[in-house]
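Structures follow.
Look for subunit A in each of the two complexes below; its partner is subunit B in the first and subunit C in the second.
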Partner chain A sequence: MKFRLLTLTTLTAAGIAGSAFAADTVKLGYQLPLTGDTAQYGQDFRKAAEIALTEFNAAGKPFKVEIVFEDSRSDAKEGTNIARKFVDDKEIVGVLGDFTSGVSMAAAQVYKDAGMPQLSQTASHPDYTKISKYQFRNIATQAQEGPYNAKWMAAKGFKNVAVIAEQTDWGQSVVSGFSDAVKANGGTVAFSEFFNRGLKDYRSLISKLERAKPDAIYTGFFYEDGAQFLKQLQQLGIKTPVYSTSAAYSPKLIELAGGAAEGVHLTSNFLPTDPSPNVQHFVDEWKKRSDGAVPGQFPAQAYDAVRIMLAAVEKASPNPTREKVRDALAQTRDFPGVTGKTSFSADREAEKELVKVEVKGGAFVPVAD
Partner chain B sequence: MNAFETAAPADGLTRRRGLLVPALILLLVFAALPTLLAGFDRGYFYQIANLALIFVLLSASMHLVTGVAGLLHLGHAAFYGVGAYTAALLTSKLGLGFTVTLPLSGLVAALVAFLVALPTMRLVSIYFAVATLAIGQMLYLVMLNWVDFTKGPNGIIVSKGFELFGFSLSGRLAAYYTVATVVTLSVIAIGRLSHSYYGNALRSIREDDQCADAMGVSTVRLKMEAFTLSAFFAGVAGGLWAHMTGYISPGDFKFSESILILAMVVVGGLGSLPGAVIGALLLILLPEGLRGLGDFRNIMVGLVMFLSILLLPKGLLGEVSALRLVRQQLGAAWRTAGPANGKGEGIGWR
Partner chain C sequence: MFDPYYLQQLAIGLSLGMTYALMAIGFTLIFGVLNVVNFAHGEIYTLGAFAGLVLISATAPPIVAVILGALAIGALAGFSLERIAFKPFRRFTDEASLKSRAMRESTLLSSLAVSIVVREALEIAFGSQMRSVPFEYLINTPVRVGPVILVTGDFIIFGVAAAMLIGLQYLLTRTRIGLAIRAVSNNPLGAKYVGIDTDRTIITTFVVGSMMGAAAGILMGLYYGAVFPAMGFTPGIKAFVAMVMGGLSSIPGAVICALILGISESMATTFVSSGWSDMVAYGFLILTLIFFPNGLFGARRERV
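On to the complex of A and B.
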């Protein structure tokens, strides 16, 4: 698999290098974890980026785009090294990534000084876009998702809720974004706690949580932790409804948790079952490259992030510069992506439309309320 | 008088030869390398040079505990983290500059090390290793979970770069010289410590701690000192890193970083300071140099480490074989308390 991907990239790279004299080539950088603990996400992002790039280059534009992928291993040291490397390459006019907020923010310190536009598909740290005018993200922040979910749960009549989230910058923003909104709506947060990523045993957390007798549980986790949590919740026979964020929206959640995922409510802005042609095109391309697997939320965000960046490069051409690409990115309005329409606000946050989803019969099904 | 005169040329010659290598290294670090860096004028090369120097300091500081004193230290990155957090918090909360935060990073790390060393330094062998592992994890979890103070996983933005009494040193070359100066001075200090009577006393703990004890060497006190000193230099490295990257989070100081530093010391050769320096350079420069290999680069790095242990059990320049040391360390766990050593020997406490 990796062999094939590598040869593929090398071949595309070689092909582009060969035709570089024929047509103009614009370079973009993509820093992402291709190895290490979070490699599964980085590999997905590369796949999504390659789909977007192949389409763009096949569309007969006056110039071709090349993406340089660099492996950061979700390590701040490597992330800043890559950032310096990208900045040094005068041909690179824009950068995508990194995966985690920590690495994205360490790299952002370099991009800030160099004036390089940076668009992360996943960095959700509240301060990330505040670093400088060059940081953009293509992910709904918890400041947006939290109140949306709080309203949804309040409408369902859940007044007294428990919140748990992973102990990361993102988890922190899940709890604060949601809890503030619950209190503003007149509800109460009966229990709130963080757990460390990769926790194997949630039973003590669950029993503590149940002692608070919440009407519903709001959770901030990714699919690996989510599946463990849901399975153990089922084992303990607890029927309290579970709500979650778009980060848990991955077919792997259902695959790993099985029946325990039934009835989980979450938000998303990407539905692989959406009949609109661009979504179906992406899902088909993804299936072709992943042995029939369906893409989740994150690859869809990466796919859109790359396309938003490509659109900005096109807008900034001819002769795109880093500054022109940044300005073009900032002007992105109602970009029709697979994760709905995306606009960047004045503070470079992606404004996303959210969809309500429930797990029913082993699949994510959109629900009206 | 005559005797002195005849002896002088030979002495002078050896002394001159002894100074030649350090002089060449200083020339390389402070003249040749900066000239090259300025010639290429690529931020990437400066970044790699600074990062490699910081890890040289981390590796050299661990060399004092693991290489010279022979104590398996599995939590070194935590003191690196304490130093970095000290610098970051002093900068973000009190607005202090690098001139003040750098020494304090070292001192706070040393203080923390001293406090955690008090109850643990009587441990020997594998028990010591497990205790340092626990210390490392504990400090990491404090950085991660004490959200009110450390901002937890949100990390801290360090808004100030390098400076000296208010003069900015944030230009590329100035930053390189800052890191190079701090690291060189620290490595010289560590070199003086490990190549002295003091260093030999530490070596005696490595070779046979009971024998050293019997000869009147205060092993517990020496271990404590070595541990605290090494934490001081790790803290200084942390201060450099915090001001260099401008953003730190607990993930930078997790267990795998301790293992990376340990690997540097082992690959370079246990007990050898040049070895520790070369080990650090190798394990920072190799993964960067192999970027072209894509997904295979980590396998290549692993292969180099594996082969170096297999073919060079003493590392590149080591005094002792890593395998021997591990066997010695781990062996104690299985040593039974027979009649000969019935007085609690083998329970990892002395």
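On to the complex of A and C.
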């Protein structure tokens, strides 16, 4: 069985090597939502990828790289179809994406069988990288972030906490990653509930949550849901402190929630205000393409993911194959990205440094505790 | 004795129901009363919200002007929608075509097509992310009424919905144009025979209904502070459920059912996980269709 798989991989690898030999262009696939409810994220990823790609192709490397973007609409079925398409294209040596954990995991099943390296900039469900040795991610998982935040909140003296998260694979990993750590630290989870993504009115949920009288609220949401939640929390006159994950870290959160976002605590691994030259370079490039808007954490992760993939392709060249790209990815150590130094651990998790951030005076400000 | 928690949930439910009702009124006028299958109402709502937002960011006019602007866009959108997706199916005036169910129901797809085109066009033009409404325009300043907290928008929406409901009831039952609408709805061929200008009646209904849809859109944009291309979808579904529960042709029925829907959703959140509260709407739809095929407030008349 193992032998057969090995032969198969070698054969496929040889096949790709043969076709890639002729061309001096290397092809990568990027599956991401470009339309539908989550299109705003996919559009940002594409923009970030284009910045990284333009830079790479302008740097005078011996070969050019082309990225094929395919719209998955954050739909698992669509994601799997794209995965088959990418796998069938013998010139594609590596794939980036998808956006959500659910779609990334569905597509991963196809990539696993075909031996295609897959690097997602955002899929943070713990099970994603466990699918096979071909799955990588460039984001801290909730298994990292949950305990980190639990410790932070415990240090602030919040013993009795409420948790809410969106009803998705990711949201469930937020709740389990955090709740387990709270209990291990001797705290209690007074309230735990899921809501549907895109819910407009959180007031019922907030009233119910407040009945449990928590010291603080831990939330797993993205900026759209987060802004509504925070605004309605303020409307109902509730002052309980709110903590959140890096998923809510976006300038849009403050833009949409305004004063209601004041005092929200969250973690992040990207700060657009970081003075280091590569961060400022990315922020400038981003601003040029987005009417002066500042990038959030997700585009930064996508930018880094694309550059990590490009570095792996370069390492695997000449004649990169899927297998060689995978091995090169796995060897990534201390990649100097805009989201800090990235190394892949033996189980292909990105080891990220997290920064504590608080919203103060309408901006994300790093805090010591 | 009575837990103020339940009062607060009741108030939230009523306010939620009001937002559904606001959408349901225009929707029911076109879909239910005029008896024309129209699935593009959600996009009229979105267009109204975007029109208001564009106006706000361009010239920062007073709020009344914003709503008037949204109404004008709504009227234009309703007129164009009718012209693009509905009028072509009425070009055959022979009796067989006029009585044909297929001709009538084909607007299900043509209106759906228009709605998809509009939504994608808005996505290309404005991007699909949520756009914020400047804070000075928002209508969500908290107001405390005894033990419960509401926001200013709840009262504005109540006022607008009540005005729409009363205005439409007056129009439909007391005026000649209302009579014409009901006649066309009941029997388009018969209406034509007795000399009613059916084309004009249908266009008028579309314009009025779409103005209400656009007004609902901008009000919701100001209420929640976020405008985005996909915003019309969920309210459209809730309005549809309210309309079917209310008996298709009854606007007061749709309003009452929208309120029932809102209250049940907020009350259900107390007992089940919030993730399940959408099930309430669909559960009600199924129960109504099984036990009250004519809706809770529907007149017993044969539907086409």
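Things to note:
Keep this in mind: the second predicted complex is superposed on the first by the 346 of 369 C-alpha atoms of A that agree within 3 Å, B and C clash if a C-alpha of one lies under 4 Å from a C-alpha of the other, contacts with A are read in each partner's own complex, and residues count from 1 in each chain.
Just so it is clear, a contact is a pair of C-beta atoms (placed from the backbone, for glycine too) under 8 Å apart; a residue touches a chain by one contact, two chains touch by 3 or more.
Source: prediction; values computed, not measured.
Contact with subunit B, but none with subunit C, is seen for A:88 once the two complexes are overlaid on the shared chain. With both structures placed on the common chain, the touch criterion links A:319 to neither subunit B nor subunit C. Residue contacts after overlaying the shared chain place A:200 against subunit C, while subunit B stays out of touching range.
In the superposition on chain A, A:40 makes contact with subunit C only, not with subunit B.
With both structures placed on the common chain, the touch criterion links A:256 to subunit C but leaves subunit B unconnected. Of the two partner chains placed by superposition, only subunit B is touched by A:125; subunit C is not. Of the two partner chains, neither subunit B nor subunit C is touched by A:276.
In the superposition on chain A, contact of A:167 is made with both subunit B and subunit C. Overlaid on A, the two complexes show subunit B and subunit C touching the same residues of subunit A, namely 35-36, 167, 194, 196.
Taken in their complex, subunit B has these residues touching subunit A: 42-44, 46-48, 51, 144-145, 147, 152-155, 157, 245-249, 251-252, 287-288, 291, 294-295, 297-298. Of all the residues in subunit A, the ones that touch subunit C in their complex are 35-37, 39-40, 43, 167, 193-196, 198-201, 203-205, 207-208, 211, 224, 227-228, 231, 234-237, 252, 255-256, 258-259. If you check the complex, the residues on subunit A that touch subunit B are 2, 6, 9, 34-36, 69-71, 73-78, 80-81, 84-85, 87-88, 100, 102, 105-106, 108-110, 114, 125-127, 131, 167-172, 194, 196.
Taken in their complex, subunit C has these residues touching subunit A: 5, 8-9, 12-13, 16, 19, 120, 123, 127-130, 132, 135, 140, 142, 149, 151, 224-226, 230, 234, 265-266, 269-270, 273-275, 277-278.
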